[in-house]
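We just call them A, B and C in the order they show up, numbering each chain from 1.
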Amino acid sequence: MVIDERKMASLAEATSREDVAGRSLWANARRRFFQNKAAIFGLCLLIFVVAFALFGNWLAAWNNSDIDYNVMGDRVASAPSFADGHYFGADDLGRDLFARTVQGTQISLLVGVIGTMIAVTVGTLYGAIAGYFGGRIDGFMMRLVDILLAIPYMFVLILLLVIYGRSIGMLFVGVGLISWLEMARIVRGQTLTLKNREYVEAARAIGVPSATIIRRHILPNLVGVVVVFATLLVPLMILTESFISFLGLGVQEPMTSLGALISEGAGTMNYGTLWQLAFPLFFFIITLFGFYFVGDGLRDALDPKER
Amino acid sequence: MKYFATISALALCLSSAAPALAQSDHVPPGTKLAANQTFTYWLQDDLKTLDPDLSTSKDGNDVLQQMFDGLYQQDDHGNLVPAMAKSFEVSDDKLTYTFHLRDENWSNGDPVTAQDFVYAWRRLADPKTASEYAWYIELMQVKNAHDVIQGDKPVTDLGVKALDDHTLQVTLETPIPYFRQMLVLSSTFPVPEKVVEKYGSDWTKPENMVSNGAYTLKSWKIGESIEMTKNDKYWDAANTTLTDLKFIPIQDLNQALTRYQAGELDFVQTPAGQYPRLKKEYPDQAHAPPRSCVYAYRFNVGPNGPEALKDVKVRQALSYAINRNVIIDKILKGGQKPAYSWTHWATAGFKAPNIAYADWTDKERTDKAKELLKEAGYGPDHPLKLRIMYNTSSDHKKIAIAVQQFWKQIGVDATLENFEWKVYLDKLNTQHDFDVARTAWCADYNEASTYLDVNTSWSDQNSGQWKNAEYDKLMKDSKTAADPEADYTKAEQILAQDMPLAPIYAYSLPMLLNAHIKGYPFDNVQLNWYAKNMYRTAQ
Amino acid sequence: MIVYILKRLAIAIPTLLVLIVASFMLMHAAPGGPFTSERQVPPEVLANLNAKYGLDQPLWRQIVTYLWGIIAHFDFGPSFTYKDRSVNDIIAQGFPVTLTYGFLSFIAAVLVGVSLGVTAAIKRNTLLDYIAVGISIGAQVLPNFVMAPILVLIFTLTLHWLPGGGWSFDDPRFWIMPVVALSTSYMASIARITRSSMLEVLSSNHIRTARAKGLPSRKIILRHALKPALLPVISYLGPAFVSMITGSVIVDVYFTTGGIGKSFVDSALNRDYAVMMGITILLGTLTIFFNLVVDIIYGWIDPKIRY
């Protein structure tokens, strides 16, 4: 999965044109977004997933860590069943898969959203500062980005998790730090255009401090790009987390994530316990689809072009 | 009749192939051998080295003992059989062993001499080699081993010398009854001095490597495979039936099983919980022989451990509360046995003491555990909080989760801490930074002291820093005792009473072995197998 | 142009230095060393080991010695874990494997992805388009550690067509599943990028003019539309190739191909500083090189770009 940088650049341009900026941009975008069937479908999926993660535990008959000794280690008894409260069946240890899927969805969403927030915040600030000040600062900051882009990030993430243990905080920071570079580049490009606008120059002329200008005039114009980028980044983060879980470097038991559940389920899929793969995979896929369609829809709504 | 026709056609084409194969004395007469005498073996991890002096793993030992002949090997029941050592004499004080060596050649044609053993053992101890298994020669009590490893004495002072080309003499510091049993391990194998000196650390590359066993190295691709072919210069080549060996490292047991089912492996360990199903599906291929390793939870009673674990009642309560039957019957399901003693039940000569709680019911154990915990001052208003440490592995994880749940039943609030291997070892052995840690021990030789020595106060492996003067004395005395087994039984009693660790289960090796591979030593509790004693029958 | 290339190469050197020093420090900060082993090594043996591998030296000195070894002799030192192998040996064995299936995956992803994308764009809003888009979205959300066991289940266990793992340079049957598992998600990304940029180009003025002139549509697509439509694909290829190589971890783990992806993860877990550094440097160099190649090709195709 990938975020198409060209489209992002085009979007950035579209949302910061003077003639469309302001209220009408968002009003039009909202109208277009709600006309887009795929985007609405994605939004419904997301609402469903979030509701599942938030309220799923009210429905669960078990919690995510208790072992049900009646079904433990019994392939037939741990199949999905409403009679014993294991709606999604149980895992190898007899723990309720419904409760674990709910909890796994929570973690995956958290990793995705918090990782994205870190990436977007760092990237936006970095890009805005580099673009606004320009000159040597810009040159230095962007060279640094070039250097960092040459680092094999997946490897760094593996190293970080190996070295600092598998705290969930490290996971957030680790996945977050992977993706801020692209954001920084896009934002910088946009800031370069924005800072030559008359109202920015006027503000500078009357001595408004740089921080205030960036906060009041530059950042608001970047909201569109940031929102779209963030929505498209979340599924990437969730995928990254699943890869980390596959390597056994994910969150600590008894907590779990969709990636961890899937990789366990995929390992045992030949043993007749397909539900251990199917349910987590279903939620994983609809979550990714949801973010994906919504992000795509938002972008098309903000930057309507024939494509 | 079509079925019959196929079979006879097969038989026909095989009988024409059969005469070409050597009929060894391991193969019962009348056996139809397969034309293709290969054996593909599964390894969990790839080897770190093929140098016998540097090797540190059980898998490494399995691979190396195909290529090298040490002084002794084991038969199908784990008894010693002579390999390079034709015969031996031991002095009356049991301190000097003299071995008479067989006439054997290296695969490059040079004779194997007593000097090759001297060279190998000195190299193992030499600080310059920096072998992680140098401690083994110290454990063997070879004279001056400790000082040589430390660099305080020259390697020539090591208590091993060649009296002539075929006579090797070893001098010990203190007599140990199981000295010859220790000579089966790959660390004691001879290495070809000339080749090692010529190529340095490159001597184990396929194009350079010279060995004296039934097989020679053909290739080694890290992470992919190790291949060997039959050594025609081997003294017993006429009786060696398998011609090609291949070792494939696959970390994940589920993937390994898939590869086995695809016919790409002849041997694989089955994943936890899958054995009963596979036994039903492949009754002629599934086996679960006992294997000399024990799994346990060790309590940290040292200065870095929690105050609570210094109370013997707490340790007993925690051990009682672990429901070993659930772990074996519902998680592992592969022929393991509940362990209440630290020494594996199948260890040669070992007599387990009567351990009371082994015979209680699960309910009795849990009730007693609750009672003990209450006596120790823990209860709902003052819950006991502990951390359980384990290293990354799906089986360790499952057991840790189960133990956490067992302890929850007696009101203990345990959190799980999963670390990857190196961090886990660092916390366990170096920092002693843990409360309760999963641990396991596998026998280096088939005798109870290999387990019991671990818990002595001077042992490097005593990671919970438990100290018991009586236990130390017993283990010291056992080295020279007429009947060491009595000491071992008493030592086990102390362990069961003082509970520095909670034994959980005695290993088995639940496996699938191709039904056409014959001669695997199921009754050898260390499962030391020698491909030269095995063969492949026709379909 | 040449100045530009030289400039880029000049940046490469500090980049690699940063990479080397940073990963060296990171690695040494980790708890547990290369010689932490299960049977605790007596202090005297440990001291010998550290002396043998130079770990008793101060850190800066180790870094300098290490760098000098690379510069003067192109020697990455001995592996700390594989006692009788040097880092050069390990890379020489694993890298050709990784490179082979990585390259094949790359070709497969580009060929299939571009064809799928172009087809979807031309047959826009037909069943074919929906199928192509469906495949590409589906392929993006299915993690390859789920795909790998499914492939094995079908092609090895059921159909007995392909070996379930291992590697051989002589037998293409060993290549197929690693290539499919590795290339699918990239193929999907390429298809999506191609489709959207093709649509954009097809609606642009010069294509409209060409159509108006009555040129046959096959000719229009091949001669006028494809080249500009591929620009965003090309900018995606550099990072994609590198992340394919780094993403080979799962292929190596699942199919025991013996590539360097697995060696890297193992070296991080085993604290094999030397192998880890060697592979990091190799991949860093590759990343820099491919980004440069892509930029050059980009400039060659798109005359609007100035260096």
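Keep this in mind: a contact is a pair of C-beta atoms (placed from the backbone, for glycine too) under 8 Å apart; a residue touches a chain by one contact, two chains touch by 3 or more.
Since the model is a prediction, treat every value here as computed from it, not as a measurement.
**Q** Comparing chain centres built from Cα atoms against the global Cα centre, which chain wins on proximity?
**A** The chain sitting closest to the overall C-alpha centre is C.
**Q** Between A-C and A-B, which chain pair is linked by the larger number of C-beta contacts?
**A** A-C
**Q** Roughly how many whole angstrom separate the Cα centroids of chain B and chain C?
**A** Once rounded, the distance between the two centres reads 39 Å.
**Q** Chain A to chain C: how many Å between their CA centres?
**A** The answer is 23 Å.
**Q** What is the distance in Å between the mean C-alpha positions of chain A and chain B?
**A** 46
**Q** Any chance you could list the residues of chain B touching two or more other chains?
**A** If we look for residues of chain B contacting two or more partner chains, we find 252, 255, 258, 420, 423.
**Q** Quick check: what residues of chain A touch more than one other chain, meaning two or more?
**A** Only 162, 267, 270 qualify.
**Q** If a residue has to touch 2 or more other chains to count, which residues of chain C qualify?
**A** Those would be 30-31, 149, 153, 157, 253, 269.
**Q** Taking the complex as given, what residues does chain B use to touch chain C?
**A** Per the touch definition, chain B meets chain C at residues 48-51, 54, 56, 127-135, 138, 149-151, 201-205, 221-225, 248-252, 255, 258-259, 261-262, 264, 420-423, 425-427, 429-431, 460-461, 463.
**Q** List the residues on chain C that touch chain B in their complex, please.
**A** 30-33, 35-42, 44-45, 48-49, 51-52, 78, 81-85, 90, 93-94, 97, 149, 152-153, 156-157, 160, 163-167, 252-254, 256-259, 262-263, 266, 269-271
**Q** Going by the contact rule set out above, which residues of chain A touch chain C in the complex?
**A** Contact set of chain A toward chain C: 1-2, 4-7, 143, 146-147, 149-156, 158-160, 162-163, 235, 239, 242-243, 246-247, 259, 262-263, 266-267, 269-270, 277, 281, 284-285, 288-289, 292, 305-307.
**Q** Inside the complex, what are the residues of chain A that reach chain B?
**A** For chain A paired with chain B, touching residues are 65-67, 69, 72-75, 92-95, 162, 165-166, 248-249, 252-254, 264, 267-268, 270-271.
**Q** Please output the residues of chain C touching chain A within their complex, sorted ascending.
**A** For this pair, the touching residues of chain C are 11-12, 14-16, 18-19, 23, 26-27, 29-31, 137, 140-143, 145-146, 149-150, 153, 157, 185, 188-189, 192-193, 196-197, 199-200, 203, 231-232, 235-236, 240, 242-243, 246-247, 249-250, 253, 264-265, 268-269, 276, 279-280, 283-284, 287-288, 291.
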